Amino acid sequence: MIFETQEETPEIREPLRRVGITNLRTVAKINWKGREYTFLPLIEATIDLPAEKKGIHMSRLIESVTDAMSEAVEEEVKTAHESLEELGKSVIERIERKHPHKRAEIWIKTHLIIPKKTPASGKTSYEPYDVEVGVIKNENGTFEKVLRVRVIGNTVCPHAMANNNGKTHIQRAVGELEVKADFNEEIALEDMIEVVESSFSSPTYTLLKTPDENAVVQRMFENPKFVEDVAREIFAKAKERFKGKIHVRVISNESIHKHDVIAETWS
Amino acid sequence: MIFETQEETPEIREPLRRVGITNLRTVAKINWKGREYTFLPLIEATIDLPAEKKGIHMSRLIESVTDAMSEAVEEEVKTAHESLEELGKSVIERIERKHPHKRAEIWIKTHLIIPKKTPASGKTSYEPYDVEVGVIKNENGTFEKVLRVRVIGNTVCPHAMANNNGKTHIQRAVGELEVKADFNEEIALEDMIEVVESSFSSPTYTLLKTPDENAVVQRMFENPKFVEDVAREIFAKAKERFKGKIHVRVISNESIHKHDVIAETWS
Amino acid sequence: MIFETQEETPEIREPLRRVGITNLRTVAKINWKGREYTFLPLIEATIDLPAEKKGIHMSRLIESVTDAMSEAVEEEVKTAHESLEELGKSVIERIERKHPHKRAEIWIKTHLIIPKKTPASGKTSYEPYDVEVGVIKNENGTFEKVLRVRVIGNTVCPHAMANNNGKTHIQRAVGELEVKADFNEEIALEDMIEVVESSFSSPTYTLLKTPDENAVVQRMFENPKFVEDVAREIFAKAKERFKGKIHVRVISNESIHKHDVIAETWS
Amino acid sequence: MIFETQEETPEIREPLRRVGITNLRTVAKINWKGREYTFLPLIEATIDLPAEKKGIHMSRLIESVTDAMSEAVEEEVKTAHESLEELGKSVIERIERKHPHKRAEIWIKTHLIIPKKTPASGKTSYEPYDVEVGVIKNENGTFEKVLRVRVIGNTVCPHAMANNNGKTHIQRAVGELEVKADFNEEIALEDMIEVVESSFSSPTYTLLKTPDENAVVQRMFENPKFVEDVAREIFAKAKERFKGKIHVRVISNESIHKHDVIAETWS
């Protein structure tokens, strides 16, 4: 006989908005535009808990995640999910069959490696980006999604350039863009990455031969930007291209200071 | 002649909500109830940037932070600030004299070490807590504050206990409580810590002699709790004791799994 | 005309042991025992720098890494490398053709997801492990490898159990095993993981239905262990199974304290 | 009656080199050259465990740490320890009176905030550094110490400068210096910091008014350096100034790449 302690009435009758599993490392596969991507994402999956139940059945969330993901890893499966958000939604659909709830969330955090061409020699360079996708089923049954990208770029100080006859300080900067939208909005993570990457003084590249390095240096000096300029450009481009609630944050790892500078805004 | 590039009109006329410095490590001193505390906090300070200005003058924020903090570190100063939020407010008051803005924020993140008595031997044990204090000056000139504490405790699974004749799995858990309130609300970080620490299956202690360890073990087994139970107890106590918007998050580092479980809610 | 600054004589003539690239996120594929694994590893690759050269040509290391990895990601490639260390060695062999050096190192850090059966219900559970593989080409041309695994498990305090009639405190623990060996030693990361995982009070599982959870709880109480016991068992098993220099470190995230405890030894 | 499980004979008779506590956050005070510094360090303390004992008595290490530190925090204490290594040694001396062992280690990790003058305006700027001090009592009773500093600076690429008519890429870099020496060697952390900070293209400052910023930018362009140059200069200066085993590691957070570059060497 098994005691279902989770079904008991708790001492403190307080509904909870998000109960579940987090920091779960697993494997997933998606098939995007005919190309297969494998990920080793970090997963969080939660549901709400009503006031009158003591706990949720955590293992049912795990089974929902595992089943949706293993569809993707088992070799007999021919068609993988077409995006991280489709994969996320399929986890929630499994949770629906296993565990009563009114509201559910799934978050998938991974790296995306995208091939690019270097600016002068035209060689292929594999560029890494951090991405996170959240899928939220609201109490009224509608689905929303949250898409996040994190891109490494740079800032080139226009103030120092004006005051030092063209000399200035340059540093690595990190740009983050979040779009919260209706689930059915078509928003590609690759497009969000492009919006951020094109807003720095220059894009960055993993591989740079000397002519490429020169092209990046020239571009940086022609395009000096404060962290404020980068944030504004990402925000303006994102508002034009993506329908949804937009949040931008840029942090510049100053080369002349030990601290960072930040510019942030949201719609 | 100095070019004030920050004062120029930017190409993209978009106001930004938060521009400033972050990840600044410094030293601060406060005098709380007659006892002096020294901190090595991590600081973030931001102001808004109107659409028609290219940038903010970052060094004025630094001066405001440095002046407010150095008041605290210079030996001739007799009266330190009376709390982290008073210290934060005094940074904003300095920014007001140095840089035009409509909205300002300061965040101070540090550790707090508090002496406690162990449960059986009554020895003194120094307990560490992570705290963060934000002070926000809104556009209408009102001040709010955000207080956060992070406390290490434990969960003891009631479900496994019911199904294994009193045997169960136990693990470390981390409880986070945030209160956002009017600046003048009297809310002590120590009281917030006490709310979280008393909501676990047992408080934890840095120093435990064998009789103390026995008392903690006995208490844990008498007081089994899901991560959901801990979150509910923190939330219920916090709503009763503190006036403001409350957010609770508890993460349990499961001893039977490689992932964590989470319970979260907010008012 | 391109200036080869790296080839100049430096002011300070001091040889350097390790110069190269680090924190490079990329994609790799290996084919182990007929099954294909895709990784998103973090890479470090270094060579030595003689006293009379100012710098190394960093882009040649990148090309060596990219070429070796892209072999694995391009679809026309039929046979992926057979292990992470084979992949690492092929990076060094590419560096040999591109950049003079006497000593070279490559480090590949990733997650490994391994399916296991749960202890009672026999369901499949996907378990994540952190692994790191280093390949070192010494000055005399010999190759060594360093294999590291990091496994999440638990400790169950035998001292509290003896003093509390079978009640005790339990917590998550993390076991790390490193083996440094001749490159040709056959040592599977999976076997190293098994050595660590079997040395805790119980293995942990991502998926546990109630009968599985009961089995884990029963196993933990039958098998109480200090962090010292876990370290000793890993060390003894590893010395018996693997030929090479062995290092063991176990950290237990105590559920009764806010700090951790540690046991470490090496051969 | 208390069972001393630690004193039992373990199943696996294997001596362990390092057993103890780690990640312990506490408070400490030292009095260096007449000035009082308060820290919130992270502590690790370990002793060896002979083959025939099952475990160590962890609480005795905690008491040793707490007593040595509380000496420093209690107000009646007039003379604080004179350095972090003196404080560490006093912890080991307390362990000697409480717990038999042959070898002991204590590690103290904290931030150090040091006032500096800015290069043009001569204002005071508070600069943060990460430091770590280890004290090791060897089996023969001799004491050694390990001193580590971590300093934020910058690199300015000489190769890009030569190929782009004086334009180049610049970025934040982090320099780490470790000296392992006899306990009685007089080596100030401040001197080690100075060795690292003076080896970058320019020192960095928390506060920089426009004339100061100009001075830093001018200095950077007059002093271009690869990560290799920085590592060599730290190493050469450290060998000249400090008697002991020296280890240098410099990591440059490239502004043109998403990865970092590294230069490392040791004596």
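A, B, C and D are the chain letters, set down in written order, and residue numbers restart from 1 in every chain.
The rule we apply is simple: a contact is a pair of C-beta atoms (placed from the backbone, for glycine too) under 8 Å apart; a residue touches a chain by one contact, two chains touch by 3 or more.
Because the structure is predicted, anything quoted here is derived from the model rather than measured.
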item	value
From the options C-D, B-D or B-C, the pair that copies A-D, where over half of the contact pairs coincide	B-C
From chain B, the most remote chain by mean C-alpha position	C
Copies chain B and chain C - rotation angle from C-alpha fit, nearest 5 degrees	180
Centre-to-centre distance between chain C and chain B (centres being mean Cα positions), rounded to whole Å	35
Approximate Å spacing (C-alpha centroids) for the pair chain A, chain C	27
Where chain A touches two or more other chains, by residue	2, 24-25, 128, 159, 163, 206, 208, 210, 258-259
Chain contact topology (line, ring, star, complete or other)	complete
Chain A-touching residues of chain B, taken from the complex the two chains share	2-6, 10-12, 14-25, 44, 46, 49, 54-56, 58, 158-159, 162-163, 226-229, 231-233, 235-236, 251, 258-266
Interfacial residue positions of chain C with respect to chain B in the complex	127-128, 152, 154, 159-160, 163-164, 166-172, 202, 204-206, 208, 210, 213-214, 216-218, 220-221, 253-259
Touching residues on chain D, where the partner in the complex is chain B	2, 24-27, 38-40, 59, 62-63, 66, 69-70, 110-111, 113, 124-126, 128, 206-211
